[in-house]
Every structure is written in structure tokens, then in C-alpha cells.
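What follows are several structures.
There are two complexes below, and they share chain A, which is joined by chain B in the first and by chain C in the second.
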Partner chain A sequence: MKVVAVTACPTGIAHTYMAAARLEKVGKSLGFDIKVETQGAMGIENKLTERDISQAEIAIFAVDIAVEERERFNGVKVIQVPLQDALKDPHSIFAKIQS
Partner chain B sequence: MTQRSGTSVEFAFVCSLSDGLHARPASQLAEVAIEYASDCLITNLRTGSVASLKSVLAILATDIRQGDRCIVQVRGSDEQAAHSALLRFVEQVLPTCDVPLAGLHPTTASTTLPRTLQTAGVKGYFGSPVSRGLGRGKVIPLSGMALPRDLKGQAASDPQSELAQIKRAMAAVRGRIQEKLAHPQSPTEAAVLQADLAIASDVSLSQKLAEHVSQGKSAGQAVMEAGAFFIDLLRHSESEYIRERALDIEEICLHLLQEIYGVDLQTAAIELREPSVVVAETLAPQQLLGLERQWLKALVLEHSGATSHVVILARSLGIPTLTGVKNARGILSAGQEVVVDAIRGFVVPQSSAAVQKFYEREQKTLELRREFLPVPATGPAITTDGKTLEVAANASSYEELSLAFEKDADGIGLFRTEMAYLQRRRPPSEEEQFAIYAEAARAAAGRPVIIRTFDLGGDKDAPYLNLPPEDNPFLGYRGVRIYSEHHELLQAQLRAILRASAFGQVQVMAPMISSLDEVRQFKASISEAMQDLARKGIAFRSDIRIGVMIEVPSAGFILDQLCAAVDFFSLGTNDLNQYFLAADRDNPKTAELSDVLHPGFLRFLKRIVEEIHAAGKWVGMCGEMAAEVRYLPVLIGLGLDEISLPAPGIPGVKRAVAQLSAAECQRALANIVECEEKSEIEELIERAQPARSAQPLLSKELVLLGSQSKDKEEAMQEIVDAFYIAGRTEDRQRLEEALWSREAVYATDFAHGFAVPHCKTEAVTADSIGVVRLNQAIDWGSADSKPVNMIIMMAMRKSQNPSRHLEIFSKLARKLMNEDFRGHLLTVGNAHDMATYLAQQLEISLH
Partner chain C sequence: MPELLKNLRQHLLTGVSYAIPFIACGGILIAFAIAFAPMTPTGPDFSQAPRLKLIFDIGSAAFSLMLPVLAGYIAYSIGGKPALVPGFLGGYFSDQVKAGFLGAILAGLLAGYVVELLKKIPVSKHFRPIMPILVIPILSGAFIGVVMLKVLGTPIALLMSNANSALRAMGTGNGIVLALILGSMIAFDMGGPINKTAFFFGAAMIREGNYQIMGACAAAIGTPPLGMGLATLLQKRLWSSEEREAGLAGIAMGLIGITEGAIPFAAADPIRVIPSIMLGSAVAAVIAMVGKVGDHAPHGGPVVLFVVDHRFAYLLAIVTGTVVTAVSINLLKARSRRLADAREEKAA
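Showing the complex of A and B:
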């Protein structure tokens, strides 16, 4: 299953990237095809393309602040969780997707 | 503006001083007026109050503020002379009187205690740390300066004998101040005592006292009432500076009372017998000087501004001092043990265990910082290809000298001496100058001190020089040009410089040289001063190095002649540039033109340095161009032997020199002088900047393994202290607050016992990574996580442009999700290996 995700936190120095790394790792280990965009202090990186989004069955927003360019995700099913969940219990996020 | 009115001459002016006509200009004005027999009156048209210009107190009482229109009227036998002297003072000296006393930088007060103290429930009382340091001791409250009020019933004997008593007391008080003035411990102390002396000699004070006595009051009552009268006047001033001066009057009055009644007043000197913290509303300078230095550990004052003399003195004596501590005497009780933290800005009772522990740690932190900090900035500045550039300091006062050597200056490249000549009625004596120059030579401890003889004229006038008004003073009678007319003045200074040369590496330099003839005359003057000293058998260095400033372009075209005549040169780029480009840098319309990066100017500088070096002579630069660290590639490219700049910039410049290659700088300069466009020059300069930032992202000092911290607060404090020791923060309170405010969003721990506190703040001097590994895991505050035993801290400077370090931070953040990486961090053996491993993983340098 193809999944896209966005991570973002208030300072954008640490947690945005930690969460991105964690989601990628756990997602892949569970057999998902996952791409994670980070919205941190360096701006948007590894940006999700229109194609990425249209192919995805679901989008995960692991964020503590508003997602930038939110309109890209119109029409896509979105699960929004606090960023901490992606760090501390990513498995339950993916479990939610599969259910 | 001048006219005769009735039988007096008068002129009007508008006060331009931002603090109003405060005590220093007022006392100088009085000094001028007192020389003349005529009555000199000043009227403040805003308030209508009139005062004699011969009295400092009376002038202050007219409360002349910025923008007030005033009229000066002179009437009497020498009114014309008095009128011109006063007019000259008001037009030429007064506008320069706003220079604040040296060494005053009011610091913002903090209002929070460090976390470890907060959580322990410690109560702190906040104030501004105006003289930095830590002091502990028992509280000694001083009742301060209030005049005693119980003299009302005092019976007066006849007015004649009461007046005699007052006169005797005033003479005694003046005598005592003069005694102290004969051996001041610092120029600061001397200045403060001078101000006291002016008040004790003031005409209106004497008049007021005589008035009260003639009304049948006793000597004591007269002092109290006259004192209260003036204090009340000054306390109502808008200017904080003038309000502060009320204290000086109160102090003099107290001294008078002590003279009249003996020393039994409640404010008699308190004897300190153990480590003490003196707590007062405020203190008079002489009260402070009377306290036992050995036991005086700190001062806590309820009220005292940055310009108060007691604060200036406390700084020069190194006594930790807090001011603005509200109701300190009510809160702190006599005998209570307290710690005065005049680093952060509060005072706390010493009784609790948390405070004791905090300051035991603080003591160690301060010691470690002292050990660690001087290292990066000490020693000569050497380029990567081995060329040494002397980095010296410009100075014009005693305070600046001591700061210079604190900042590890390689010498004093320009000691400006004209400040001592300004703002006074008579020129400084040979002895006064000798004292300062000898002090400079001693403080320099073998390093060179280049003393420039007075550069007066232009925008720097002194009344006793009788300089004519000029349409174009910068192209006029100034610098070396006035020396032949003021031969004795120059001789006195040269003798002072020569005498100081016996105490160190003193060198002498002439300003504004434009011809060989001027150099010859200057050297002849030096020979004359030498012969004079030799005749009197006074020691000096007969081989003193003689140099000249290059600030007039013509000097740059007779270097062959000048090199044969002198030992060294210093480029005064401010004047050289404005004379070279015919553009005034203070004129907004031409500021753009006065550009030190003008290719013509750079070519000129290059030629000058090459020619001087070809003749085997030494050349430095002491203009503002030398203070701009961005121009360093140009300055090194020029091949200067020395640059001289304000002391605070020295450590940064030395670090930057160590990252530049002289050969590359030369190549860059060769390209720069060929540029046609200003933008090209800017770009080449940008490209020539040192590649690496002054401080690496990580160093082993920021890695703490085996930490004993028992909770989150302590661990955070530990890492912040490590930043302070390594010189990466000067404001621990702000750094700590920045970290905690991020934690307040949610605790930064994540699974596996790791936490990543982080912040963006100006409180760090460089982007940095810190590491703490704990012996015992601690709770990090989030409900669902394991205790933390590994802390990775990331601190980033706030800036407009995202730093390239952000990439490294994000890389580190991602790597923390990797089990192998974490495993390594948990097991690596020592700080050095930890730093090396992280540097390798993040592909960064540790240097």
C-alpha cells in the first residue's frame, strides 16, 4: 500500500526529522511504500509531488503545527496524529491504517 | 546672537545635551565663569529660574533640560572677556559634554531564578547586575544618606561663631577630599573626588549656609536646611543623572555635620569584621571607600542608576553589585547569610540546601571557565601560512587600557591623548599625564604602547588653546600644525611620554604629518625634551621609537624621505580616506563616496605599505577600517604589520586571522584593486572570508559522560554550564529559559531513554551540539516514557537565513532513530571518542 506522510513540529530542529526517520523505518518494515515530507526549520524537504499524493491511499500528518500547502491533500484520506505518536508508538498509527 | 542689553552683554543658546546641563558641564561652566570678576547669570527661559554661573549647584537647580532656551548675561569690569569665554565654551565645549563616564553598560535585569532553585522553592530578589561577580556574606544594612532630623532643638550661639564653625568644617571637609585626591587609586576615583570637591567649594552652598546662620540657626541646622534645599531641587530634575547628584550633596552635608558634631552620627563608618554584604538604599562614594575592602563581598542597593558614582567605583574596585533591588532593606534582615549573584542579577538567602549546592557548583563552573576560556584567544594571531599579524587595541582612557589587556591585545596601537585635554579649563599637567602613560606602560607588561601626541583642533577644541574659529576646521589648524604655537604644551607631554618610556615599551607618534619639515620639528621637540630630562637626571629611553600617522595623502608620496626620518608609521584611515576622496563621511550626502574599498584608495594603501616595507620600516593601521573584521582579508593582503582596533573586537579578529592564508589574501587583494564595480569588490571580499565558522558545531568540552545529575533540572543546568565554560553562552539564564520553553510544548524525550532538548536563541554564540550521559536514568517529564539516560542537546543561533548547520541537526535527528547509532552513543568510552564518533557520523570537523 502506498502511504504519504508529513512531519512538522514547532521548532523544526529535531522532532520533525526524528519522526520522519521513524515513520519511514517502521512503515517499510511493515511492507508499506512510504514517502515522508518534512516541514522543519529548513522549509519543506523531500516534497510530496502531485503524483505521490494522487497515488497514495492515505496521508499521515504527524504534526504539532498546521501543515503547509494543505490544499495539495484535498480529496485524500488523512489521519492526523500528534508528532509524539510517530516517535513513541508508530506501530499503532500503521495499525489504524490497516484496520 | 550677541547683543548689549542695558549695561550687560548677553547671548542665548539652546541646550543640546540629552541629559540636560548636568553636573559635569555645569561644573566646567562654573570654572570658566569664576575666572572673571563680572557677574555671570544664566536664565532658563522655560522655568524662568535664574542662577549665578559661578555656582554648580545653582546651575543644576535651574534644571536646564535638552531643548531648553537659555540666556547668559554678563555684567562687570571684564564683561567682554567673560562673554567671549562663556560663548566659546557654550558653542564649542558644551556639545561634547555628553560623553558618558567610561565603563557603563547598564545590563538588563533577569526576573526568573534558575530552574533548580525555582523547583526547590527558593525565593530570590532581583536587581540589575551593574558590577559582575558573586559575593556571599552576612547582611549589613546601612541606613544610607538620610540627614539626621533631630537637630531641631539645637540652640544657636551668636551667628558669628556659628559661621566660623561652618567655615572651619568646610575647610576640613575640603582638606580631607584633597588628601584623598593626592593618592587616588584610579582615575575613576579621582574624578569622583573632584566632583565632591566642587560641591564642597560651591558658592551657592556657602551663601545658603550663611543665610541660615544669619537667621539665627545653629551651624548644624543651617547645614541640614541648606542640604535639604538643594537635595530637593535636584531630586525634582527630569534627568536621572542630576537626581543622582543629590546624593553627592547629601554626602558633603553629612561630612559637614560630622565635622561640627564629631563622628557620633548614625552614618559614621561601619566596621566590617567578617564577609559582608552591604545593603543600602544607596551609598555615597566616600562611604564605599570607607568600608573594609577585605570583608566587603558585595553591595545590594535599592536605588542607584548606572551613572551614580558609587556604581562606577564598585566596578573599578571589582565589588559585585546589584542595584534596583526593591525594598532590599525591608526584605533582607541584618545578619542573614545571603548570596549576591551579580552575574545573573538576584540575591538569595544562603540557608537552603539547594542554594548551597547551586553555588558550590557555580564556583566550580566559574573556575573551569577561567581555566578554559582564555585559551582560544591567547597568543599571537598567525595566518594558516605562518604570517603573524599584531592585533593591538586603540585606547584613550585607563578603563580602555585594562580592557585591552583583558582581551589579550598584542599592544596599544593608538593611545589617544587628547581626551585629557578636553572638557577642562587648564591643560593636564606633566605629572597627571606621566601617571597615566606610566600606568599604560606597566599594564602592557612589555608589549608596545604607541602614544600619539595630542591631536587637537578640528572638532576637538579646548578653551585654553585660543583656537580661531574656522570655516573648514578639518582642513585647518589642527594636529601637529598647532605644535609650534603651543610649544610648552607639547614639551610637557613629550616629557611625560619620555619619562613613561623608562617603564616599558613606549613609542611616540605625531598626528597629521604632511611634510618632512613637520617631522624634523617634531623630532627636534623630542630632542629638546630629552635634553631637559637628562639635565634634571630623570630616566627615559633615549632610543624611544618615533613614528608618524599617515592621514594626509601628501605623506604617502614622500615616504622615501619619511622612512629615513622615522621608525614606524600608522595608517589613520578615517582622515586619510576623507582627504583622499574629498568626501566627508559624516555628511549623509557624501557618505556613499567615502568608501575605504574604493579601488583608488586600496591601490594607494598598497603602495604605501610596499614602499615602507621596502625601506625596512614598520607599518600598522589604527583607523576604523581596521576594526571591520570583514575587511581582514584586505588588511592581511596589504601586508600590514599590525592593526589596532577597539578592544572588544580583538578575540574575534584573532580567531579569524588564524583561519586565513596571507598568500590567498594577497591574491584576493590583487584582484580587488582591479575591479571596476563596487559589487564585484563586495563579492570578492565575501569570497575571501574565512571558510569555517569560528567555533565548530561540537567539541569535547560539550560532551559530559558519567553525569551525576539527579533530575531534569540539574541535568539541564549541567549542560548549560558546560556551554558557559566553553564560552558558547554568556547568558545562561536565557539559554536555560529557551530550552525549558521548548520543553513546555512537550517534553523532548522519545523512546529508548533518549532526550533531545533544543532551542533557537541568541543566547548561544555559535550553533552547538551538547551531550550528557547520565550514570542514573532520570525522569524527563512525559507520562508515557522511560527514564532518560542520554541527552543530546541542539542549540541554534537565531538568524534570518537558515544556517547550513540545520542540515547537520536534521541528520543527527534522523540518526537517533537508528539503533546501532544509539547503541554506540550509550557505550563509547570517553568524551574524546564520543566527539570523534559524532563528528565522523555527521561529517563535521571538530576544529
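Showing the complex of A and C:
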């Protein structure tokens, strides 16, 4: 299953990237095809393309702040969780997707 | 209700995330200029130092822009692009009437929700395109201007100036209590929303010219990962090889003021780790507060030493907090290890 994700925290220097790495690692180990965009203090990095988003079955927003360029995700199923969830318990996020 | 609060928090943090770099730029440039200018009883004297004056002016400009950016992006988080106009205006007025960051936060929230309401007005199809480019910016901008300049601005400004003078006149006892709370908050969720609340309070006070709140926060910010790192070095047998590695990474992160370095430990053993790091950070914050440490940058850890006042007290605060954290976690861990061994013996 193809999944896209966005991570963002207020300061955007540590949590954002830790959560992205965690989602990527756990997602891949569970057999998901996952791409994670980070919206940190440097702005949008590893940006999801239109194609990434249209091919994805679901988008995960692991964010504590508003997602930038949110309109890109119109028409995609989105689940939004606090960023802490992606750090502490990423497995439950993927379990939610599969159910 | 929890949903509403969660959304509210997200909007506030969005604004904060855009405002922090402005505080960093303004705070550090201003501190730099003042540090090298001759000091007089009425403040720094720039008459003989045009270059320092220039730096000071640039920093001040960053500070003036910080409130509009804060309010603007709080509004943006709620109402999207059309909310930027009333948000920026509201923050600008908040600066004009001296309502500070409280005024800017309120203006941003009001601006965002007003725009959300205006969006809901039913209009005919031909009329719709002019809503976001004409009607909403003009109506919401006029609304927020009237509210900030004529209604809410002055009472908030009064509140802010009272709060500021209360903070400034605060005795040692209250200062210690405040530092205890701030330090514990900084460590509690290691970079999460509670940490950011304390952090932003400190950062916002920099703009108000009170550097000690941030000083206490800054001392507390570095100690959790530093303390965990020190703990793994002090008693290697208590820690696995992965944990010792995370400890070294923690020391590096602690030095550059990233509290998140303690997360791997706290995730593995929250019941013992979180109280230990809270204790260490609270101790660090109290020592910094008592030592009158001031921090001109919205960041913490040893890395900001250059822009800190009373550097010796700052270092003392960090070192003491780090040692307290390391000793507490190792005591707790050794105790649980002994209990576990005793249980095994009994079972055997």
C-alpha cells in the first residue's frame, strides 16, 4: 500500500525529523511504500509530488502545527495524529490505517 | 471540548513556529549591539558607534515584525490565506498599542475565526471570486483594527505592563517557584507542547526586555539529554550498549540545546526517567534564576553561552542540573535492579 506522510513540530529542528525517520522505518518494515515530507524550520523538504499524493491511498499528518500547502491533499483520505504518536507508538498509526 | 483545545493549541503553535526565528534574529543582534556599546545610566550609548547602532536597528526591526508574524500565522492556521491580512494587521496594532505578545495571540485568534465566519456567508457564484481578494480582507481587516485600537488593545496593554512590572519586581521566593515550574515543564515532555509553552513564555519575555525567564528556561533545556548521557558514563553496567550510544548522542544534543535527546531514554523507562530529568531541569532553572542569568536568544543549552548574562552562574546551573539528573536516574535504576534481583532470588 502506498502511503504519504507529513511531519511538523513548532520549532522544526528535532521532533519533525525524528518523527519522519521513525515513520519511514516502521512503515517500511511493515511493508508499506511510504514517503515522508518534513515541514521543519527549513521549510518543506522531501516534498511530496502531485503524483506521490494522487497514488497514495492515505496521508498521515503527524503534526502539532498547521500543515503547509494543505490544499494539495484535497480528495485524499487523511488521518491526523499528534506528532508525539509518531515518535512513541508509530505501530498503532499503521494499525489504524490497515483496519 | 478537548478537540477544540487541541485545535487551539495547534493554531498557537503554528504562529509560534513562524515567530521563533524573528525572536532569535532580533534578540541576538540587539544583545550583540548592546554588549559592545558603552553603557550609560540611561542605557547603551550609540552616538559614537554608528555600526553598532545599525545592528541594533536591524534587530529592533526583526522584533517589530515578530508580533505581526505571530498573529498572522495564528490566523493563517485557522482561516488559511485570507486570514493573513487581519492577522498581520492585528499583530501590528498590538505592537502599536503595546499589547505585546498576549495582544498578538488574541488578535491572531480573533482574525482567524472572523475569517472563518466570513467564509460561511452564502454568496452567489458571480460574487464568489471577489470574496477572498476584496470582501474578506477588507471586512476582517477593518474589524480587527477597530477591536485592537478601540476595544481590546488598551486593557491588554495594561495587563501586559502590570504583568511585566510584577515579573520584574518579583522577589527571590516567587522567582524560585516560577523557575521550578518552568524547569519542570521544559523537561516534562522534552520538546513537546508543554515544553514549548514554557519555552515560548521565556522567548516572548525577551521581546519585553526581561531576559531572566528565558535564562531559567535555557539552563533547563540542555540538562535532560546531558544528564542522561552523564548517567550512562558514570555507571556503565546499568545501561545497555544501545543506551550508552544514545547517551553520547544525548550529550551532543544537550550541548546544542536540544532537549529531545533524552526521548529515547524516556520512551524506554518513563516512570524513572521523566522525574529524574524534571528534577535536574528544575534545579538548573532555579540556580539560573537565583544567579540572575539572562538569555537574549530563544534557545538553550551551553551553545547560547555567548549571548547569556552571568555566564558563570549559567554554567553552574547546567552542570549542577546535569549531575542531579544523572545521579537520580542511576539511583532509581540501581534500586529497581536490586529489587528485580531480589525477586529472582526468591523465585529461584
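As a working rule, the second predicted complex is superposed on the first by the 99 of 99 C-alpha atoms of A that agree within 3 Å, B and C clash if a C-alpha of one lies under 4 Å from a C-alpha of the other, contacts with A are read in each partner's own complex, and residues count from 1 in each chain.
Note that in this section a contact is a pair of C-beta atoms (placed from the backbone, for glycine too) under 8 Å apart; a residue touches a chain by one contact, two chains touch by 3 or more.
What you see is a predicted model, and the numbers here were worked out from it, not measured in a lab.
Trainee: Counting only touches as set out at the top, which of chain B and chain C does A:22 meet: first, second, both, neither?
Mentor: After superposition on chain A, A:22 lies in contact with chain B alone.
Trainee: So, does A:38 touch the first partner chain B, the second partner chain C, both, or neither?
Mentor: After superposing on A, A:38 lies in contact with chain B but is clear of chain C.
Trainee: Per the contact definition in the header, classify A:66: touching chain B only (first), chain C only (second), both, or neither.
Mentor: second
Trainee: Considering only the touch criterion stated at the top, classify A:76 as touching first (chain B), second (chain C), both, or neither.
Mentor: Neither: A:76 stays clear of chain B and chain C.
Trainee: Answer with first, second, both or neither: which of chain B and chain C does A:13 touch in the superposed model?
Mentor: both
Trainee: Pick one for A:84: touches chain B only (first), chain C only (second), both, or neither.
Mentor: It touches chain B and chain C both.
Trainee: Which chain A residues come up in both lists, the one for chain B and the one for chain C?
Mentor: 10-11, 13-15, 18, 41, 64, 84, 87-88
Trainee: Using the touch definition from the top, list the residues of chain A that touch chain C in their complex.
Mentor: 8-15, 18, 41, 63-66, 82, 84, 87-88
Trainee: Please give the residue numbers of chain A that touch chain B in the complex, ascending.
Mentor: Per the touch definition, chain A meets chain B at residues 10-11, 13-18, 20-22, 25, 38, 40-43, 45, 64, 84, 87-88.
Trainee: Over in the complex, which chain B residues touch chain A? Could you list them?
Mentor: Of all residues in chain B, those touching chain A are 742, 745-746, 748, 750-751, 756, 758-760, 782, 784-785, 794, 796, 802, 806-807, 809-811, 813-818.
Trainee: In their complex, what parts of chain C are in touch with chain A?
Mentor: Interface residues on the chain C side: 6, 9-11, 13-14, 16-17, 20-21, 76-77, 189, 191-193, 196, 253, 258, 260, 263, 267.
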